[in-house]
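Dropping the structures in below, format is structure tokens.
Next, two complexes with subunit A in common: one pairs it with subunit B, the other with subunit C.
What follows is the complex of A and B.
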């Protein structure tokens, strides 16, 4: 052995950094966070699944297992299915309106114009506001005594109008939808603006020279290009709308009666006003099941999982 | 076939004045190439003809019709874009058929036209594919197919070959030239590549900083450049510029270089007592094989600095008047760096420029 190689060997032994690292070490590093995530994520899920098979109410000591009783009860609960119907009505009406408005606005703001940045920031503001604050604000705006909306309608009508937006049956849904569309159209606007500005401009120019009109260019060139982003936006807003709670809680609290009670509100009422803990857990799992089916179907259908 | 007339065209983007008064006539059926360095406004001019940019000031007419306020789709113009701009979600067939369908043509007529265009360009086998499945050259053909199928009155090309590799570029250049010969449509072609400009054009329009510097047939512009800029832009390797001053050499004027060399001028110039720039192309600065000095010839001996053989020709770099110059010699007679080479200077082809204005003076 030469002196040089000897020096190399001893050098290697003295430098721990040259040794192979302990392969398990990296798992030890992430272990605490994995544990924490399981604790706050997986544990409640499993625990509520267990609860849904018990008969816990917060007014009783009985925690015995009840089998599928809670799930059987779901099918006889007319108020539950009505709340799902209310949720679907709001989703089906609000989603296309937000999409079309957002797309139209994004199209307008595609062109360079003075003050563009400021306008975009202003338009996006509603989305930044907490939904419960937005709902409370709209409740004030719709107020019969001091709300400006009825005042303005009164000016146009030429006489005082009485419109009880959060009580009158045929006005509660429009009130909720106005607030919802006002708050979330900017979200669609922002995402679609980003998608539209990424469409290769030479494609639309080529189509223009080819003699295509606005709609042909939109449907054949622009829409396929923005579809992946648009599909995600629709999915996010669709899921959000299905969970709608704050705005309605602030505006109508589900009323009049149970007329605007959505699935989230009904679940909340069951859990924290009726204290039916086990039955609430069963409702929660019904929703998880329904949503999973819809979301998986949507992801496949939209071709997002490719 | 139709002609294009442009008069007094100005165009600004914000505070940038891109086109500064363009007057141009593009004769029907001719192949006109707009050439110039990047930022000279050639693409903007083309896009303005297409209607993709609004006319700032001035007039554009096609076939005698003023098109200033006409939408692009109503101008019956086809354009091939630099990135081809193929519609990615449509098949090659539908890409080519797009313009016909937009004009509500009947299905069997569409099929007929697309097939004949595909046949002409040799892309019949690709009609079912999608653009992303095609190579650069194939995309280029589809883009051309999409343009010719509509039988437009004017054909615009915006640097169509710049995304292709060198070999394919040569091939497509030939095909575009053949296309023009076969169809006889008026074509306007934008490029920054002077070889493309020289080989394709019936007429070259050389642009610089929003103005037309010179126009004419390629050979005309090449051999009689109006300015130093034009001389420097056309030709590869570049023309050599050597500066010196005007002196009186007995019965005639001459030019004295900074290394003392005296070069007699072929004609008298008014620019007496000034400095002057001599332009000589590498092919006119060859190796001297004869010891006799012919009329209109200047002999020089210089040490070789760099030798660049290309196969058919060899480019030798030497220093004349303090400037590095390239001389073109035949391949077999290469010297080595450090050796002295005898050069012959063909004064018949020398061009003299005013160093301040850049205009050719003799």
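What follows is the complex of A and C.
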């Protein structure tokens, strides 16, 4: 420190910025970010952990030590595990559809054709809409009487149909999935289109001359080439699907009953409608724990941080 | 095959591609059309059976109502929250990214930690944050949400700007240092201007993420700083006779995003793929 202050005196007006010594510069410039990231990255973790060992509910601000009671309750909570199952079902169905559909679309638009850019610009619009607005839009589309979807189905059926998309048990999942696929297939499409455009043409053409078929070329040359980008797109979408909230909130709010309650909706209900503070903290801790393991494994595996 | 039939096959293939492309266009664009057209219909046209595919005349009464009732102020709230948090996140995030790139501060572990924050479910952090905000009296305040939006978007900014800063030639910075510039001066006078394209593109996406955000706003707003996304859900109800308002409010919030994104087509892929695709 003495050398820095010495430089300060001798440098005078020529080096006004020397007041903040350069050798700590790298830490000065990450300090504000680190502080803010700790607010969302560390504080909630510690706080959840502390509260989850207490017994705070809406009626009782009981901060006495409760041991593992709340964590034990996690295992007996059928509704929690159902909500995790609902989340996984949506993820497992939507992700492959978005991926395959997006890839097929990318192939369709890979070659030049007049008006291609206009098509692409319009098709990607759903992806930039707020998910809650997307949900609201489909709520209007799915209306049993004044919405256009039942109307179109009626044309094919030959008579008026009344399908209650956001109430009927066997229709709510299709409704959510349609909305989800509608909004996020363009995301996959756009990323995969860019990835496909970067595949070395000379390799695929050479394979074609050697008589390799479309699928052989796809699996041997194209897929390995686009995999790094595709893996990241899958990761982003997978994580997004696991935390799905907005669309379901707008379409069904978790209903009918708790049929479409996902882990995010359930946590919201526990925390902000039933005010089971300590128990919600335990759920939050469980989610962060699960996600951290998966996410950090995936990031390291893909070498994303290199 | 003769040249003629090759040409014919090619023409049929192209026609087929246009056919498929048009079907896709209908599937992806019709819902947006429907949202906008409802916002321009009269109540009689909205609640008409069978549905009216296009109204005879367009009217803006539904929007006028939003402005008269003061509901449209939620769009202004979204603008303030997203705008301010984006500026702060860009400044802090770019500084942090520079440190990661040039000094490898914190190494790979720090980088992994930063990006993993981006992928955490908001629901898991919002509950403790809510209790903290109640304690601090920050619920339903601009400041509270700005801090949260800034923090939540930082990993994205750091991540994206890391990629853009890596593209800046080191020689420029070195010659500035040799000329006697301090590190701070290099950051402000060389790095920020050189990265301006990346800064701009990243800022736009950061803004859109904050603009479209729902769950934080749902939990942390009451009456004062309600955002347009929360305002839309206020119109849902058992009888839901507010279709016109749902549609008009959604459209008000969506048009700015459409305009912004169409001006930025060039950066779209890099922006949404978190930098996985460059160029």
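Methods note: the second predicted complex is superposed on the first by the 255 of 306 C-alpha atoms of A that agree within 3 Å, B and C clash if a C-alpha of one lies under 4 Å from a C-alpha of the other, contacts with A are read in each partner's own complex, and residues count from 1 in each chain.
The rule is short, and it goes like this: a residue touches a chain if its C-beta (ideal position, glycine included) is under 8 Å from a C-beta of that chain, and two chains touch if they have at least 3 such contacts.
None of these values were measured; they are calculated from a predicted model.
J.: A:224 in the overlay: touching subunit B, subunit C, both, or neither? Say first, second, both or neither.
T.: first
J.: A:288 contacts which: subunit B (first), subunit C (second), both, neither?
T.: second
J.: Return first, second, both or neither, reflecting whether A:36 touches subunit B, subunit C, both chains, or no partner chain.
T.: second
J.: Based on the superposed arrangement, let me know which partner A:208 touches: subunit B (first), subunit C (second), both, or neither?
T.: Touch status of A:208: first partner only.
J.: Touching A:64, do we find subunit B (first), subunit C (second), both, or neither?
T.: Neither partner.
J.: Once chain A of both complexes is superposed, is A:273 in touch with subunit B (first), subunit C (second), both, or neither?
T.: The answer is neither, since A:273 touches no partner chain.
J.: Between subunit B and subunit C, whom does A:138 touch in the aligned arrangement: first, second, both, or neither?
T.: A:138 contacts subunit C only, not subunit B.
J.: Looking only at contacts as defined up top, I'd like to know whether subunit B or subunit C touches more of subunit A.
T.: Here the partner covering more residues of subunit A is C.
J.: Output check: A:105 vs subunit B and subunit C. Expected answer is one of first, second, both, neither. What do you get?
T.: In the superposed model, A:105 contacts subunit C only, not subunit B.
J.: Which parts of subunit A are in contact with subunit B and also with subunit C?
T.: none
J.: Given the complex with subunit B, which residues does subunit A contribute to the contact?
T.: Of all residues in subunit A, those touching subunit B are 200, 202-203, 205-213, 216, 220-221, 224-225.
J.: Within their complex, state which residues of subunit A touch subunit C.
T.: Contacts found on subunit A: 14-15, 17-18, 20, 22, 25-27, 29-30, 32-34, 36-37, 39-41, 43-44, 47-48, 51, 105, 108-109, 111, 113, 117, 119, 121-133, 136-141, 145-148, 151, 182, 185-187, 190-191, 193-195, 198, 228-229, 232-233, 235-236, 239, 242-243, 245-246, 249-250, 263-264, 267-268, 271-272, 277, 280-281, 284-285, 287-288, 291-292, 295-296, 299-300, 304-306.
J.: Along subunit C, where are the residues that touch subunit A in the complex?
T.: Answer in residue numbers: 14, 17-18, 20-21, 24-25, 27-32, 34-35, 38, 46-51, 53, 92-93, 95-96, 98-100, 102-103, 105-106, 108, 111-117, 119-125, 127-132, 147-148, 150-152, 154-155, 158, 180, 182-185, 187, 208, 211-215, 218-219, 229, 232-233, 236, 243, 246-247, 250, 253-254, 257-258, 261-262, 265, 268-269, 272-274, 276-277, 279.
J.: Which residues of subunit B touch subunit A once you look at their complex with the stated criterion?
T.: Listed in rising order, the residues of subunit B that touch subunit A are 50-52, 71-73, 75, 77-79, 81-83, 85, 87-90, 98-99, 102-103, 146, 150.
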